[in-house]
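Multiple structures are listed underneath, in structure tokens.
Next come two complexes, and both contain subunit A; in the first it sits with subunit B, in the second with subunit C.
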Partner chain A sequence: MVKMEVLSGDPPCPGCVAILALADEFAEKYKGRLEVVKLVGSEAIPKFEQYKLGCVPAVVINEKIRIEGICPTRKMLESALREGGL
Partner chain B sequence: MANKIKVEVFLSVPACSGGMSLMRLMKEIESEYGDQLDIQVSRGRNELYEKYNLTAAPAVVVGDLVRMMGVCPDKESMMAALKECGLD
Partner chain C sequence: MITVKVFGTQPPCVKCRELTKRANKIAGKYPGQIEVKHLAALSSEGDKYGIILTPTLVVNDKVVSVGKVLSEDDIEKIVKKQMEVKN
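Then we have the complex of A and B:
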């Protein structure tokens, strides 16, 4: 099972809104193979600090930072997940 | 202080990339026009966020008017908003 953590800010920027929607889409698409954890606002702070992130939106796959500060395209997120073993 | 232009900046928690860009821009503008501006920064949701009916961060309110929401403006756009409120 590949784990994808999605960190977003609150109040949300447009990129954070988009990445949360994308996370839901991917959770449905890869049900059973992908664990999606959405962390929003203050609940994201512990992981934000743990991963030493600089900004959101961010995607961490199997504890490796893959995307930071942008909302990826579907294609880019698919590639990142493939790199992560999906 | 009474004659300064009030600029309220709203950022998300954690900071988004647009919010970080906006803060860099505001620091640049403050270094040039700080004597005319009263810049107040809010992080996360608060009563002002609700008061202005903001729906996205980052946002900039100048003189009690929402000028930008969900986007980091370029310097020219920000300066235009400030000049409309009396910046010399």
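Then we have the complex of A and C:
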């Protein structure tokens, strides 16, 4: 099982809104193979600090930062997940 | 002391982080004269200023920019104006 953590700001910027929607889409698409954890606002702070991130939105796959500061396209996220072992 | 508050998302998005970075850079040019704080827009402090867009820049309790990443020059102009008012 691949774990994808999606960190978003509060209030969400347009990129954060889009990435959360994308996370839901991928959770459905890869049900049983992908664990999606959405962290928004203050609940994202501990992980934000743990991964030493600089800004959101961010995607961390199996504890490795894959995307930071932008909302990825579907293709980009697919590639990141493939690199992450999906 | 000039107080510069940057209200942004929590954790910071790219724009909020950039505005704080620029404000800190200007503060570095005037040691001991400018204090920069990055604050959450959705907070009691943010409510005081009626933040509706991020990033919002507040200088000495006055909202000076909303939803924009000001250039370093613009931030410096605003801060210098405040310094003149104080003197």
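Here, the second predicted complex is superposed on the first by the 86 of 86 C-alpha atoms of A that agree within 3 Å, B and C clash if a C-alpha of one lies under 4 Å from a C-alpha of the other, contacts with A are read in each partner's own complex, and residues count from 1 in each chain.
Keep this in mind: a residue touches a chain if its C-beta (ideal position, glycine included) is under 8 Å from a C-beta of that chain, and two chains touch if they have at least 3 such contacts.
What you are looking at is a predicted structure, and each value in this text was computed from that prediction instead of being measured.
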| item | value |
| --- | --- |
| Combined model on subunit A where subunit B meets subunit C, clash or fit | clash |
| Touched partner set for A:V17, first subunit B, second subunit C, both or neither | first |
| Partner chain(s) touched by A:P57 [first = subunit B, second = subunit C, both, neither] | both |
| Touched partner set for A:G32, first subunit B, second subunit C, both or neither | neither |
| Intersection of the subunit A residues that touch subunit B with those that touch subunit C | 7, 9-13, 15-16, 41-42, 44-45, 48, 53-57, 69-70 |
| Residues on subunit C engaged by subunit A in the complex (per definition of touch) | 8-17, 40-42, 54 |
| Touch list for subunit A against partner subunit B, complex | 7-17, 41-42, 44-45, 48, 53-57, 68-70 |
| Touching residues on subunit B, where the partner in the complex is subunit A | 10-20, 44-45, 49, 54-59, 70-71 |
| Subunit A residues touching subunit C - in the complex, by the definition given at the top | 7, 9-13, 15-16, 41-42, 44-45, 48, 53-57, 69-70 |
